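Below you'll find a set of structures to go through.
Across the two complexes that follow, subunit A remains constant while its partner is subunit B and subsequently subunit C.
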Partner chain A sequence: MRLPEKISALLKRRSTLVLLLVPLIAVGFALQAFGTPLILNIYTYFCVNLMIVLALQMFMGNSGILAWTHVAWVGIGAYASGILSMAPMVKSLGVPNMYPQLVELQLPVLPAILLGGVVAAIVAGAIGWPLMRLSNAVGVITLFATLIVVHVVMTQWDNVTNGPRTFFGLQEFTRLPQALVGAILVILLAHWYRESSLGLRLRASRDDRFAAMAIGVSVVQVRYVAFVLSALIAGISGGVWAHFITSFSPKAFYITETFLLLTMLVIGGQGSISGAFTGTAIVTVAREILRQVESGMNNSGMFSFEVYGLTELVMAVLMVIVLIWRPNGIIGGQEITWPLLKRKNRPDDGAGTDVVEPA
Partner chain B sequence: MLKVQDLYASYGAITALHGVSLEIAEGEIVALLGVNGAGKSTTLKSITGVLRPVKGSITFLGEEIANRSPESTVKKGISLVPEGRDIFGSLTVEENLRLGAYANYERARYKTDLEEMFQLFPILKERFHQAGGLLSGGEQQMLAIARALMSRPKLLMLDEPSLGLSPAMTDQIFDLISGLHQRGTTILLVEQNAERALEIVDRAYLLATGSLEFSGTPDELKRKVDIASVYLGGDDNDHCEVHL
Partner chain C sequence: MIDLEFIINTVSLGSLYALLSLGLVFVYGILKLVNFAYGEYIMVAGYAMHVIGQNRGIPWYVTMAVAVLFAAVVSYGTELVAFRPVRTKSLTAMLVTSFAVSVFLQNVVLITISPRARAVPLPAFFSQTLTLGTATIPVRNLVIIGTTIVLLIGLTFVMKRTVLGIAMRAAADKFTTTRLMGVPANLVISATFIISGLLAGVVAIFWVGRSASVDPLIGAAPLLIAFIATVMGGMHSQIGAVIGGFVYGLLFNILSIMLPATMISYRDAFMFVIVILFLLFRPEGIWRGGYTEERVG
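So, the complex of A and B:
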């Protein structure tokens, strides 16, 4: 095969990636050249959210387990990378009670962010095995309880996190280029993982746990690997986020944020990367518009009271509508491929004709 | 090849198997018959390791496999086609087949095995990129069998492959099973449709309430047991009487 043919074959086989990456990069470049600071900020935030949501997709989308703990790994990554990257003087100013050993640490930002991911992965790895043995309702409740435990530790351990108070003074490392590169890498990783033998086995266990066992899938093991890998990426994304936002408190890693991430994932379709991508884009845009509307309403004095919570309300209604209209999300469980409108998964006319209902 | 000796298995307090023994030689096709609740599926579950037997031994190619994990039994070469066409509905046909191959994966072999499956089941080639859940019942059963074959099993176990299929589709599936046997696959077939099963097997075991009632060739079975009786797949499935 000649080179152009090879390239076109590759593009065809990886058309999902092309369809996601090309617009992402193109818009990124366009905004970098022409965008206002506000738009740049929103796009950067979108890229960071994309990293976090795709990390969530890697575990939750492929395993079908509602991952309440996800935002906890983001938080651990954020705190760990912050503690590692901040200058000792800033740290002792911001967190007066911090352990002296931690105050002395200082690394460049990028290694600090990566190590933050490793810390999150280690915590997830230490507690993940028994959690992955549980199924359905029990598993979900246990994961939720784990989120509460992590949250309590974050709000109480003021030698590390400054307790419930704001943790501030991080360097502003994440700008659009860094966030864009991060998002591209995570899209590639999530795609590779979904198609890999590990991801495929995990998806099989989601569809039918016992059939998966019968063909030799070790369900607990594939779930565990996904859980730890997802925590690693979530932790790294948390570090990227922390060095974008530069100051935060444990509130940022709790139920409100979890719902936001879940909305992003579920609206688009948790089973596919295209779905996670689309959902994140829709929610980001909708949120910004609603925020403008909300502040516009308050500033114009249209109402005698202050409008509050419009964003959350509309997001919740949006989620309900999407789930009624398309239970698997806007994109659904299959990746989008080129050509866009070829519905190769359309139920065939002959489907089901030779099934006889048991008497 | 497979030897089950004095197998006891239970679900909590309820004992489902009371000392079942059976044997399958290489290249044989053997049926395991019986009514609902006789212990057929329990026997298969114990062999694959999904259910841990209480007592008894299961040897496969001279090696003890009772209490092994399901993953290791698949690696040893025992493949189960579960009851009710347990395919992965949201995965494509291609992904279903690839999953079957992963148990004993060799990249070089995958392509040729796939071609072989296309010859056996041409329909799967047509539906290669469709989600498994969108196939018809018979196609799903074929996919389930193909998926099991992709791991190149030494012993293929089929749990009620004709369940819920139309008569025409049932014929097709039975032809296929006997075709697989002629190609040299060792098969353990669990069926309620005893009459159909007895046409294609070398030997049969008859289970009733957790213990072995009879074993022998189809002819012997037909002579000793009243085949026309409802019990073995006649037209009235309400009775469960055995006339030995």
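So, the complex of A and C:
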């Protein structure tokens, strides 16, 4: 086979990646050249969110378990990377009670972010095994409880996190190029994972736990690997996020944020990378528009009161509508491929799991 | 430490939590849905009390009755609009829906009323106390105990003696079989949501009664308590939920006394660690009920 044919065959085989990466990179370059600072900021934020949502997809989309803890790993990554990267002077100013051993640490930003991910992965690895044995409602409540435990620790352990107060003074490391590279790497990784034997076994366990066990899949083991890997990426994304926002408090890693991440994942379709990508894009754009509308309404003095919460309200309605209309998300559980509309009647791959009795 | 005051306070706290978890378990039993919007039914009942209470002419019992009914109506409404269409879909879809419903209700209140806390008028006996020997007991706590006894007897009667109650119990056991026997699914599910809403409304009166104010996030704390209590008691039976409520109340009061002052802010974390341990070693809860295996590996 000649080289052009080889390339075209490769592109065809990997058409999902091409369809996702080419627009992402093209828009990134276009904005870098012509965009206003505000648009650049939004796009950077989009790329960071994309990393976090894809990490969520790796675990939740492939295993079918509602991952309440995800935002906790983001938070652990954010705090750990911040503590590692900040200068001792800044730390002792910002977090007066911090343990002296922690104050002395200082690393360049990139290793700090990566180590932040490792810390999140270690925490997830330490508590993950028993959690992965639970399914259904019990699993959901346990993961939810874990999120609350992490949140309580974050708000109370002021020798490390500055308690409920703002943790500030991080270097502004993340700009568009860094975020874009991060997003590209995470797309590649999530795609590789989804198609790998590990991901395939996990998806099998999602679609039918008992059938998967019958053909020799160790359900707990594949879930555990996904859980830890997802926590690693979430932690790294958290570090990238932290060095973009530069100051945050434990509130940023709790239920409101979880809702945002879930809308991003569920609206597009949790079962596929394309779905997570599309959902993140839609929600980012919708949120910006709603925010403009909200501040416009408040500034125009149309109402005697402050309009507050419109964004979340519309997001919630949007999410319920999508779940009713297409429970597997707009894209669904299948990746988009080139050509875009090849098969009309593709079988539903059932990205959902543990279907309750049709009532 | 263990005196009359402690006992009555613990029993009243336990009663409140028992009602709370009972409302959650009613829906869980049939739909296998952990309803994250449950706390919001409590919140809307609180706001109903706030809105009606602004009119001084209305007696307190009418306000409370309307608030309880309003919670039931909202609960039924969410079932109709949001849960019914996704009921046959995946469990995750349903959970995410309930989360979205919760966010929706919170933000409706944020926009239409206020993000800040609002006062709720209460009858005078809510803040009075009673002296029994050496113990000083708030009248409210005795009212909670009385209400719980009445409600539990009433619910037991409904579940054991009425056709609807028997149908609901059958549906919680084997939904498909129950439908094959000619029980309409929608009716049973709507009924459970209405009962769940009624219980949330009753809880709201006492929950709001502690601070005499209501804010959009007031539903979060009772939701967490209902989670812990049902998990400890057993998610698969109403008896388990009631037991769980009382055990939680006891545990909470004991932890409040025993934990040193520096650790008291970690109390929530302790409670949840207990839940996690409980689920790992005894996932069926204290009361086994109609437990079906739900773990793998």
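Keep in mind that, in the parts below, the second predicted complex is superposed on the first by the 343 of 359 C-alpha atoms of A that agree within 3 Å, B and C clash if a C-alpha of one lies under 4 Å from a C-alpha of the other, contacts with A are read in each partner's own complex, and residues count from 1 in each chain.
Throughout what follows, contacts are C-beta pairs under 8 Å (C-beta built on N, C-alpha and C of every residue); 3 or more make two chains touch, one makes a residue touch a chain.
Quick caveat, the model's predicted, so the values are computed rather than measured.
In the superposition on chain A, no contact is made by A:Ala26 with either subunit B or subunit C.
Between subunit B and subunit C, more residues of subunit A are touched by C.
In the superposed model, A:Arg203 lies in contact with subunit B only, and not with subunit C. With both structures placed on the common chain, the touch criterion links A:Leu134 to subunit C but leaves subunit B unconnected. Contact with subunit B, but none with subunit C, is seen for A:Ala211 once the two complexes are overlaid on the shared chain.
In the superposed model, A:Gln334 lies in contact with subunit B only, and not with subunit C.
In the superposition on chain A, contact of A:Gly271 is made with subunit B only, not with subunit C. Residues 213, 218, 350-359 of subunit A are contacted both by subunit B in one complex and by subunit C in the other. Subunit C makes touch with subunit A in their complex at residues 28, 31-34, 81-82, 85-97, 99-101, 103-104, 106-108, 110-111, 114-115, 175-176, 179, 185, 189, 220, 224, 227-228, 231, 235, 265-266, 268-269, 272-273, 275-276, 279-280, 283, 294-297.
For subunit B in complex with subunit A, the touching residues are 48, 50, 69-71, 73-75, 79-80, 82, 86-91, 95, 98-100, 102-103, 105, 127, 129-131, 134-138, 147-148, 151, 163-166, 168-169, 237.
Residue ranges of subunit A in contact with subunit B, taken from their complex: 197, 200-201, 203-204, 206-208, 210-218, 271, 333-334, 344-348, 350-359.
Interface residues of subunit A, counted against subunit C in their complex, comprise 60, 64-66, 130-138, 140-142, 144-146, 148-149, 152-153, 156, 209, 213, 218-220, 255, 259, 262-263, 266, 270, 305, 307-310, 312-313, 315-317, 319-320, 323-324, 327, 350-359.
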